[in-house]
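Can you keep this structure in mind? I'll have questions shortly.
When the chains are written out, they are named A, B, C, D and E in that same order, and each has its own residue count from 1.
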């Protein structure tokens, strides 16, 4: 493996100059990003003539830097992209990393929150965004419960585990990371997934992003990038263990156990029921935007068609 | 008032100039609003968001005050104790420095677990922010007493407490105010950061929300208020300083 | 060395005591390691992670030094200019305060966009952190000159520059060091925060990674190094102070 | 009983040997002056009596009680005025009394007037001339309640008239209150004119070189200074001092 | 040409009227003393000449040039020693020369020795006695290069012998260098003994009350102080001064 990689590298450098490209993550590296690390490690990017640098976001945040061209690509999410585009930030989603929304409301088992109706009388810990209330409301409406009976508390930067130790009954998490961590800790969780209760809330999170300018001026690079990333994710789908090790090797400061467990959980969910990794559907974009409009969370209507594109994904070989 | 105009016109002019420059370059260079909104856009948003903003502003003002006052009292208290008890000083000085090196991301969960999501953990965060410059500046000020006067006090049998109250403290006042000024400057940002610990009101909350929904104009509105608050606060300290240190020879003013 | 033992045993004892207490209460109260690991767990992790950590540590040390030195030079320079030119002082003083009230979340993207991902934006962030306490303390120190000596200097025709170099500056040294101490304390945390601007090395990066993968023990390892760095740094400043301010009467030490 | 006994006091600063086995005493209600070359150790002696610094050897007794290293046992006027710049003149003057918990404001106002400082009660020290500051320090020492007053060159910055005036005042107060006074001066006339006894110190290290008992009866009038006996005593002291250098 | 002309100088501090139409002059190479009650405005006059404060009216000319409000035109010794605590004695003494860009270290060492401060070159001011500090300030003023020297009570903290020694030294230097000297003192003997002319100031506000030309030839010897002419002059000045109060 090592040899093949270095061979690929030499080949790449000898044949033509690699194009330097930056991708900025949305958060610290985690299993959402495995495909990128695989593509880098396995030389898929080099095959495409790219020299990719994976940049950690820090305080600067990926979206603005991608939109302004400082980073060529980034990781984003449909929710933030929707708001960003409405505010005029020229970001475009070029691939859905995970087909379905894996987030949901988690609570320790002993809180006995099995469905949205049980939210009543409980305390929710969030970060103060009105979207949260709307989401909870949407779920609870399905079971004729009232969001006004939920005590919503802003828990700021506190993480899930801290919060539920103190005052908070349930919080919104990504199962692939926080939920898996709970498993590792033998903390039994109840999960109320968004997708189980609302079609409209099955949005894409996370997604690969780039700027409108990039697509216009350098579509080849975008295509190359997406092709390599797609190959990386395919590898991760087929080889959860190996790809987990690749991520651990690339970012040794992560907790390896968590990465392995999380990867195992997440690998089958990258593509899920789609016919190809990364494809996005117009209705998903429209659904979420209209849901936001319905809840007065959006000032303007979103041009859903301009928000994403599937055109850079490799042709599906049936 | 007249005095204010006399002193205030220079900085005001400069700031207006900078704003004009900013506005101009915003328009000329076509900087997108989501990256760096122009002053006029910010101003528009100030007017629009005022009714929403009020509550946040008041919450932050309250927090800033409480935090700054706690921080000052603790800073001055710590400096006093450490000054009067040199052995205690030697012992806990490193701890004080350590206290400034615990990042909020670590402190926050601990504070939340111990004290919940109320105002207390926030006040603790601001206090931690503010007390340090005050304590260090005061300690250094207290050590600088003129020997001549100290000797006199010792000779006439003044107690340690009397020397402290009648000599070292008034002598250290300029240093103390130096520390207070630094702390006052930090206190508003301290309050904003502490609001990230949780809570439903405050400029900090408003700002994170604005930032996560790409309302850069609103982020800058927050900054505008932070800056105004801070300047007000700072000038209050300067005024207090001027009131308290009246005996200074006029010559200084040249 | 002997001197160090004499001065150092008190704080060392206290810290050991606190660690023992922490260890004890960790075990007794069964505090979960993901919330607050015990000192022994942290120590184990120190040993385990050392090889990974080295690179991060060096990066942060380098950044801290560069940042602190830039911050000090700018702080002292600003104070000097503002002191020597009262009109400039009046004009830009508010801007200096404003500079302390721009939150990193706003500054960070702008800095990265303007200056890229290199070391420059980070150094700017640390400098912004450090220069302020130095500038304020120095300015206040420069204003406190003994009148008697100032009058003498004026009478014998010393120029403004001479008064500054030969009187005001040496007189302000204690205040300057006060500012340097405060800045030194902030510089390491400043470097850590600046690393959150992006980049792949540094204690700050290590810490966020650790924190987001729930490795609290590693977060505390980072803090341990931050604290040690900061204490080293601080004591370097104190040593420099002691070297430079040698003329002080011995009596002060009582 | 003796108001002050100085017993075998020695002191060096590093290698500089300043005081060597100093021995003398001041009786109750006695006025004793100390004369000695500049830098001989007069101020140092005061600092030792006051407990500011520790003697290498020897003891001080005040009214029979051993007060070596004890502070606050004397009324003290330092050689430099040492006024507190942030206190008004009145507040400066009442400081010593304040420290022992007394309120002497009315007395202070009265005494400031006597010292020629009427109208300056509420100004700050930096607004005074050198001689005025010295008088403020003088008044301050007079307002502290201890039974022995140590004055370190109290009138050196005063013109002859003001000095004479202050001397007369000091005499009056002394005769009224019967406190013991230890008085450092460089002015031989002044020493003789005011004192019951004059102690001449030698230099490097200082010891008591000679004691002169001043035989003139009191009250003494200014024309005493021109009398033959006065002048001959002055000459004796002068030559004794010249040997000290 | 006059080394210094003081023309119609007036000054008040707020409501305190301190100097009123002061007029006198100092010739080249002349030694002029100023006598006046404490607080009359002698130090203020020096501050005015030195340009530290601005007169309400009037002018100063040095060698015919108008120097009102100009600084650095005089060698100056302030009434309080004003030494820099962080400079060694040697560094303190060379300060005035340093300011005009001269290096006078060897000369300074020599002069410190002459002032009886040998061995103290490298100690700090707080280790000196009051009289020693005063001598350091004196040496410092002697080392600055201006053509007129203003001394504000330079010997007030010195014992009679050291004072006499310093006076003799000052005389020697003065005769050597032919600088003009303006000398404030409270000691009438000293004023007469040293000066070509003595100016007596009145008080509140100060004006020139009387000028005495001192007729004694030079070099003057210490026994001059006991001569009849000297004593009668002293009496005259004394009574003039007593009227000033």
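Keep in mind that, in the parts below, a contact is a pair of C-beta atoms (placed from the backbone, for glycine too) under 8 Å apart; a residue touches a chain by one contact, two chains touch by 3 or more.
The structure displayed is predicted, hence computed values, not measured ones.
Peer 1: Mind listing the chains that sit against chain A and also against chain B?
Peer 2: In this structure, the chains that contact chain B and also chain A are C.
Peer 1: Between which chains do we find the greatest number of C-beta pairs in contact?
Peer 2: B-C
Peer 1: Taking each chain's centre as its mean C-alpha position, how far apart are chain C and chain E in Å?
Peer 2: That pair's centroid distance is 50 Å.
Peer 1: Using Cα averages as centroids, what's the distance between chain A and chain D in whole Å?
Peer 2: The mean C-alpha positions of chain A and chain D differ by 86 Å.
Peer 1: Which integer distance in Å separates the CA centroid of chain A from that of chain C?
Peer 2: 37
Peer 1: Could you please state the distance in Å, as a whole number, between where the Cα atoms of chain B are centred and where those of chain C are centred?
Peer 2: Averaging C-alpha atoms per chain gives centres 17 Å apart.
Peer 1: Can you list the chain D residues in contact with two or more other chains?
Peer 2: Counting only residues that touch two or more other chains, chain D contributes 80, 126.
Peer 1: Out of chain B, which residues touch more than one other chain, so two or more?
Peer 2: Each of 35, 105, 109, 113, 147, 151, 208, 211, 249 in chain B touches at least two other chains.
Peer 1: Which residues does chain A have that touch at least 2 chains other than itself?
Peer 2: Expected reply: 61, 64, 68, 159, 162, 165.
Peer 1: Considering only the defined contacts, which chain E positions touch chain D in the complex?
Peer 2: It comes out as residues 13, 35-39, 41-44, 79-80, 116, 127-132, 135, 153, 156-163, 186-188, 238, 241-242, 245.
Peer 1: How about chain B: which of its residues touch chain A in the complex?
Peer 2: 32-35, 104-105, 108-109, 112-113, 116-117, 195-200, 205, 208-209, 211-216
Peer 1: So in the complex, the part of chain B that touches chain D is made up of which residues?
Peer 2: Contact set of chain B toward chain D: 148-149, 151-158, 162, 166-167, 170-171, 245, 247, 249.
Peer 1: Once bound in the complex, which stretches of chain A touch chain C?
Peer 2: Those residues of chain A that touch chain C are 22, 24, 27-30, 55-61, 64-65, 68, 70, 159, 161-162, 165, 181, 185, 251-255, 258-259.
Peer 1: For chain E, which residues are in contact with chain C within the complex?
Peer 2: Touch residues, chain E against chain C: 46-47, 50-52, 71-76, 78, 80, 82, 84-87, 95-96, 98-100, 124, 126, 144.
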